[in-house]
């Protein structure tokens, strides 16, 4: 296969096409729109379904319908649009249907702006819609990984009858990088025993998320949990850089991790023994990796483009054992590597307090700067 | 080895395409590349810029505060980016659109009357090519042949007849050397 | 633009108090600016600047609150009529209006607008129809005409798969709650003057407590149409007006007495 230069958003679209997506429903919103525009051309060309819905609410419910048929389906949006989809997301979870949702995050809350941000971590990882459910959340940090994880997303969605979120941001979506696309997969021909396609020669089926009997609803919740236990056992993914002899650890996901990688390399060049952990699955979260960090790790720096949403998960995962610092830029401001490097220096040079919260210390520093 | 280039100017000056050419050429040379635009709402009249990085290893941040080289195609871009060139780095400016000289003395400066050169060659829209030619002749990032090849492949269909002119623009630009 | 049949202007233009004087971010030639100004002039003439609350929507006009000098709130995409309802119900003696694009009003916000009209909500709506989503870069809107090329209908809107446009004024004229529904255009001085009168009439509808009023304004988007402002004006005249005929679609009888 030849390597080509592609924009993140378009790469995700083509990867989904090659993974056998049969229908796409969406609504324009920056910085995701190229994905929709690409699909508006590509899907009809292949005789597959494309609809620009009247809204994200329309789009997610079109996906709901399409998912009921057992065929691969997806939608994509950016933060404000994803908020609008969450009712449908909860219903899809409540109906135990597979689907892929791409969220190209931007600055918020509210209308915010269109710059890259990571402030939907909690929304995607810890809920979003109402009710007790979990989504698998994949966080690529490059165009190539966006492609690979898109293909994986469809497989995981089918395997676990689950919603899989590809959580990227404006910078990964707008960036062009070298990448290789996967081969075109044939469309699914075998369907699960719940798919609604007409009761030809079989008992009729119906799909619903209503469970008036609490006991039956509890059964359903148990079923979701059982599947989640399996997901947690089998699907955790992460990447480590320079961890063999690391005395300090930087951690972050997606864009933050890339920026941190530049800073970590620079610190290594200065002789600082620092490594990087990058969760690829934010949900299931790679808890063990943080739990297993050896006691020779003297400090950890969590870098995010939100006010410390993953930070809480990282600290809980290592049971508040490793002294931790936090650094972030908010609202669509993307940190530069030198800012992270400065934080690495601080972590290495000054003792890390353990009697206050890293977010509070970081914020006090921000406020002190004025 | 990693080289970062920011190209900045008005929308419509070929800022984004210039950066993409660097990325395409880097890709053909087997390098790691990233290209990232400053994107905005559609409304016109604004400034445009992009960052292209060419590297021998996996690229971390696609944005850097102090790039190795900057092409400033107009006055607002010079004002915004002059102080960001890495010390010892290269600043290429389109002097046809400037009413002030470059102030920095700790960097290599190349003033190219690229707008005029392009106009002389027959099309002002080739200003970006003149500047790119000047950049490549003064920054050991990619061979000119790689850019020419990328141009051949990626110049939009409707502009293909302008290919020889664009080559000429690159070469004219390459005549400028930091003294 | 047809210039030869317009009268010579003798008025020296002044900036209406209701305009802040800030430079707009609209593209050169865009008619959003004209619409903003007309609203400002009318509010000046009515002396209502300090009694009016605007509700901005999401689209190229998102920063209208920077240009119109009065109290403003900013709604989520499509929800301006609902927010306006909230403001108006609490402050019934204020003049409340929304300013919405065709994507905002006729696509994502169709529910809110239809129900505001059906309720006879005593608010005024300015509806800028430029047949596409301007702000996000020219995607298909519910008003995009059959065959029209946009970035999400790249071979031209195919009614087989992408359906037909919505004629909003015609549709709303069937709602009992609506009192004043008209379509105007911003393509030449004569039509601009007629648009201004309609804006006044819509506000008068509200001031008289007659219920829901809406002025649809045909508008150009040179940037995303890929045309100069001049050819855009021509295109509006030749292509849009036949599809979206100008006129009064519903006028409450009580408005007949108002002479402007």
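A, B and C are the chain letters, set down in written order, and residue numbers restart from 1 in every chain.
Following the convention adopted for this analysis, a residue touches a chain if its C-beta (ideal position, glycine included) is under 8 Å from a C-beta of that chain, and two chains touch if they have at least 3 such contacts.
All figures in this text were calculated on a predicted structure; none of them were measured in a lab.
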Maximum centroid distance from chain B, chain identifier (CA atoms): C
Chain closest to the middle [Cα centroid of all protein chains]: A
Distance from chain C to chain A - Cα centre to Cα centre, in angstrom: 39
Rounded Å distance between chain A and chain B, as computed from the means of their C-alpha atoms: 34
Averaged-CA centre spacing for the pair chain C and chain B, given as whole angstrom: 42
Where chain C touches two or more other chains at once, by residue number: 136-137
Per-residue multi-chain contacts in chain A, two or more chains: 30
Multi-partner residues of chain B (at least 2 other chains): 41
Complex interface listing, chain A residues touching chain B: 3-5, 30-31, 114, 170-171, 174-178, 258-263, 265, 334, 336-338
Contacting residues of chain A [partner chain C, same complex]: 27-30, 33, 36-37, 40-41, 44, 50, 52, 54-57, 80, 110-111
Touching residues on chain C, where the partner in the complex is chain A: 58, 62, 74, 76-78, 103, 107-108, 110, 133, 136-137, 139-140, 142, 151-154, 161-162
Touch list for chain B against partner chain A, complex: 20, 23-24, 27, 32-37, 39-41, 58-66
